[in-house]
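Shared between the two complexes below is subunit A, which pairs with subunit B and subunit C, respectively.
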Partner chain A sequence: MSARPGERAAAWLLIGPFVIVTAVFVLYPLYRSIVLAFSQTFGPGASAPAGWMNFRLTLTDPDFWTALKNTGLFTLGSLCIQLPLALLLAMVLNRPGLKGRSVYRLIIFMPQLVGLVFAAMIGSVLFAKRVGAVNQVLHAVIGIDLDFPWLDVHVTPTLIIIALWLYVGFNMVYFLAALQTVDRSLVEAALVDGANPAQRFLNVIVPSIRPVLTFVVLLSFIGSMQLFELPYVMLEGPGNENRGLTVVMYLYQRAFEQGDLGSASAVGWLLGLALIVAASVQMVLARREAA
Partner chain B sequence: MTRRARRVWPHLVLVPVSMLMLVPIVWLAISAFKRAEDFFETLFFPVNEDGGLAIERLTIEHFHRLFTEVGILRSLANSFFLSSTLAILASLCCAAAGYALARLRFRGAGGLTVLVLAILVVPPPLLLAPTYELMHQLDLLDSYLAIILPGMAPAFGVFLFRQATVQSVPRELLEAARLDGMGELGIFANVALPLLRPMLGAFVMITYLAMWNNFITPQVLLHSPEKMPLAVTVANMKGVYFTDYGLQMAATLLSVAPVLVLFLMLQRDFVSGLASGAVKG
Partner chain C sequence: MPAKGSEPMGKGAGAGSGRRVVDRLPPWLGALSAGCWLIVVLGLLGGGVALWGRGGSESEIGLWVFSPMHQRMYEPIIEDWNAAEEEDGDDPSDRARVSQSLLGRPALRQRMLSGFFGGLPTADLIEVERTIAGQLFAGPLDAVGFVDLTDRIREEGLLEAMPPAAFSPWTSRGRIFGLPHDVHPVMLGVRMDLIEDAGLSIEGVETWEDFAAALRPLMADEDGDGEPDRYLLGLWPGTLDRDKIEMLLLQGGTGLFAADGSPVIASDANARVLAQMVSWCVGPNRFAADVPDFQPAGNQLKVDGYAIAFFMPDWMCNYWKNELQMMSGTLELMPLPALEPGGRRTSVWGGTMLGIPKTATDVEAAWAFAKRLYLSPELARAWYTEGDIITPIRTHWDDPVFDTPDPYFRGQAKGRLYVQHASQVPTRHASPFTPTAIQRVADAATGLLRYAQDNDIYEVSSLEPEAKRRLEIAQTSVERLMDANLFLGEAEAASELAP
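Right after this comes the complex of A and B.
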């Protein structure tokens, strides 16, 4: 089939803005990030070739490993706590004939609208020692130490809790939409066959929502690995003994506090490669399961 | 389990969870009006010595100071401007590109689709340093163009609109319009765009929200305090008014409330549009 007259011109006109913006502000910076990663830089514009130096410096910097450890623990905690809870909430919400479903969905989703910066502002007061509401309530209920140091020592759990509040509803909405596509007759057939709830869950529901499940896991992984604003604003920097330092915060410090765009790009590529590997693993797994 | 118990137990889970979700927002909304001496005395509303609620001790002083002393109106206007401009431009660019990829035949369509998918995996922090360098070279640092131009055509938006077009813009309708002698651009504007309305609504909301809550881009690319959006201005208040919690919470409430209201008005489109991309995609 040949293109109709005008169709090709119209197509390029419609897609032109995307192509131009992507070429100038994505592909060119992407190319520059490779050049920069292998250059020693002195602020924007001045650089000299430096081989693998930026990567070597980064990988031998204990701060980078601290950042990676903090980010990794946060990601692990978020995935393992938040996603099962989101799925559980979605399953409760998906019960047939539940009254008030859309109101619950709205309320549980709502915190996601609060930006990370603003959640950090709220968190820094709620989790404060002695006077903070969290310690006040927990002290009254379970007798926790009023000076429990959420923001000084237990930074990662604090971040996991705040992220749970922010995003559990977001993931729940995805799961709920997926659950609503599960064929009711399959579930009923399993019931007739005498499958218990655990069997119904593992053998009927999980396979039916697997595409969305893998999508949400991947999305959460990618998002969590890029954690930055929440600790940066809440602790006004990396925090006590770098306990709130994350990979992106490390990149930010390198680029904009030390003016070293080169090693910042190297860090960016290390992060990018980690995410690409995760995405590929996910896709291979998804394909193998589909086959 | 009795029938009655079956019907009640989901609410025994959902009511406490909903309350936990709402508590920080309610706490924020009340804290923004509390005087310094009352701030940590009670969790929510201030109380009198006899234990009764003391609504009269709430104050709008923090908001007064925000507008006179902090100059927050400027940041509020900046956030409105940046978010609306970006939301409109990005929605139009992405809808046009997504429609072209899904329904128009032209050389390079396949390659461009692969490009869109490839860019989806590029983490934004990777582009932070080179974008800063580029904006320095283009002399666009401290200009809104540095934020608006790169944000105008996000790949994930093109992807979403491509999916939406495949689902909701039937080829037969386009053929009929062509037979009627309508031009290609007219077909996009008058036939396709109206059919893409649900996705447009959701995407405007997503981009608006993303820009409203974006901290790192303006923090890196803008310098002048008077150009900063709320996210940066409010974050910086922590260092300036460091024990003035009432003032900080008032600024936070002022930043969160507009998007909450906007969302409550448009939520039906938003939540369902968001989920449809994942499930059917």
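Right after this comes the complex of A and C.
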């Protein structure tokens, strides 16, 4: 049955804003970024075809690989330290009979409220040489050198620590919500069957929270790969010997410091493709495991 | 016969006749309620206004500045200008009134670049800081967003009125795109209170070697922790001190780029300066420490007397006065110690220009106001009294304001000291690749520091080959980017200009 003309018009009117916004702000920029990735521009007046040069330049640039290494290490640190800790905290807070659960939850979640830029500014003060609180405390407790170069040399661990403080509560809330949906009878049945805590965790709890676990891992992975503000504000740039350079910062430098939008578009596409591939692999693995 | 559709409603016209009007409307209008239609109409109107509306009056000269201090100082001059314009102009549409806007540095940069790259209107006059300027010259000369001021500057005799170094950061391929705001000579601010308390003196200090020798007793370990209680200089080979590294390369080396834009990063002179600098920061002859500028941690170290000397371009005096008021009366200025006997006793750090975007509505009026603003003796005086910045215009240097004793600097006639060194400021050649080059050189310095520590090599002559090697890596990296730029050098002719 065909729609009446009025209904058809109403349908177009309803989806119109979405179509227009998607076309203007998503599809056209995507198309332009493909064109840009294969050209070199200087404003609207000057453009030169560059072929694959932007991709070649990026893939042969040692800075790009440094950025990729830094980002990868940060991502690994985030996934391997932050998520297990968040899950552990969630399990502690999920213990039956725990008093003041919501207060603890609020306290652990609260750093998330300050935001990345503020956390970066605090980090630059806390981890400063000589007068920074971290070095002062560690010097008093274990005699660490007051000039220990957190922000000069040990940049990735410093970023992981700050991100841990910032995001562990955020991820914990997801896990806590998931844990509260775990069927108690399954846990009790496992207990009756003689399963130890590790077995209960691996064979009952993890399968029960797998969808949330997959979601949080994916979210953390993508968020970590997009790391930018934290090192950029804390180090006022990429830091010594590019130790704080991330892929998105590399893209930003290309686009807005060197003014080369073409090369930045090429970096953006490389990053986008890498994320799509990594996320797809992860989803496939998660589905296979679930099956 | 009444026209179709214009039947008189007559008596009894009410709800029934209203329904008839609705019935006559196209059916699609009924798909949304009256409220929804109102939102749609308002949205369309708002969008139209946003798309077609223009900010400000076309008869106004818009000026963008990034410094609240500049804004404050320009206010009276703008008021005078606007008052004079109102008196002169019979027709209000002829008036070139000036309106000033203060934008944060990143905001100004983004809006300016978006304007230039996107062909959108910007202000008629924009103050640009040196670290941004190079980027504006990365394309073909025709595509630079600012008006080429070379001929105007030459005709006005301004080339002779200012030191050549004042123009160099704003010059690309022989063309000048901005009126210089400053010249920014660098001196050394020393904690004379601590030096006098220790019974020491800086009399006769000519080189950095003399400086270290004269003041080394201040580095004694009085608290017995095995480390000097204080160091002599705030300097560290790292990214945060990249501007200081460039400043030292300009003082005793060749700087980063030659006049033709080619990189000279890996020159022997630069390698020697880099090796000298690293020898100050590590090893038995160390006398420099990490005291970052513009950071709370660095300011605390300054107050604590952790270092006793600091690089002070003229504008930095104002930063100290505002951020470190408690240090008043502790510092004195001295010429920079030379890197070699007989060497240059100053350098340069920072810089600002005033440019006229090509999108300016009235270039002539903007140029007239730019001259009034930047060449005015009143403003030159205000720049110094309020901002501690000396003007680049030589004829203004005779102003007695520069001889005024400054209590912050223990009564020194600070302005005169800076003026005396203004003509010796080294030339910095503009390049779109300056920020990258500075970053690479800072990386080379950090790497050299690590090399010295790892290999226990601290002598300047022994560090020089490694310094040279690391600077060559830095230069290769910059050259790689330059080679990839299709708009500069020989490739410029081959670049395609879009219509």
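Everything below uses one rule, namely that the second predicted complex is superposed on the first by the 268 of 291 C-alpha atoms of A that agree within 3 Å, B and C clash if a C-alpha of one lies under 4 Å from a C-alpha of the other, contacts with A are read in each partner's own complex, and residues count from 1 in each chain.
One rule holds in what follows: a residue touches a chain if its C-beta (ideal position, glycine included) is under 8 Å from a C-beta of that chain, and two chains touch if they have at least 3 such contacts.
Since we're looking at a predicted model, the values are computed, not measured.
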Which of subunit B and subunit C A:Ala46 touches, first, second, both or neither: second
Which superposed partner A:Leu285 touches (first subunit B, second subunit C, both, neither): neither
Per-residue touch tally on subunit A - higher for subunit B or for subunit C: B
Partner chain in contact with A:Gly259 - subunit B first, subunit C second, else both or neither: second
Which superposed partner A:Val206 touches (first subunit B, second subunit C, both, neither): neither
Which superposed partner A:Ala10 touches (first subunit B, second subunit C, both, neither): both
Partner chain in contact with A:Lys129 - subunit B first, subunit C second, else both or neither: second
Partner chain in contact with A:Val277 - subunit B first, subunit C second, else both or neither: neither
First (subunit B), second (subunit C), both or neither touched by A:Asn240: second
Partner chain in contact with A:Ala189 - subunit B first, subunit C second, else both or neither: neither
Those residues of subunit A which subunit B touches in one complex and subunit C touches in the other: 4, 6-7, 9-10, 13, 44-45, 124-125, 131, 236, 256, 261
Of subunit C, residues touching subunit A in the complex: 27-28, 30-32, 110, 113, 116-119, 135, 138-140, 142-143, 145, 238-240, 290, 292, 295-297, 300-301, 306, 432-433, 435-436, 439, 442-443, 446-447, 477, 480-481, 484-487, 494-498
Touch list for subunit A against partner subunit C, complex: 4-7, 9-10, 13, 40-50, 53, 57, 61-63, 124-125, 128-132, 147, 152, 235-242, 256-261, 263
Touching residues on subunit A, where the partner in the complex is subunit B: 1, 3-4, 6-15, 17-19, 21-22, 24-26, 28-30, 32-33, 36, 44-45, 89, 92-93, 95, 97-100, 104-111, 113-118, 120-122, 124-126, 131, 133, 136-137, 165, 169, 173-174, 176-178, 181, 212, 215-216, 222, 225-226, 228-229, 233, 236, 248, 251-252, 255-256, 261, 264-265, 268-269, 271-272, 275-276, 279
Contacting residues of subunit B [partner subunit A, same complex]: 7, 10-11, 13-14, 17-18, 20-22, 24-25, 27-28, 31, 40, 43, 93-94, 96-97, 99-101, 104-107, 109, 112, 115, 119, 121-134, 136-137, 149-150, 152-153, 155, 158, 178, 183-185, 188, 209, 212-216, 220, 231-232, 234-235, 238-239, 245, 248-249, 251-252, 255-256, 259-260, 263-264, 267, 271-272, 274-276, 278-279
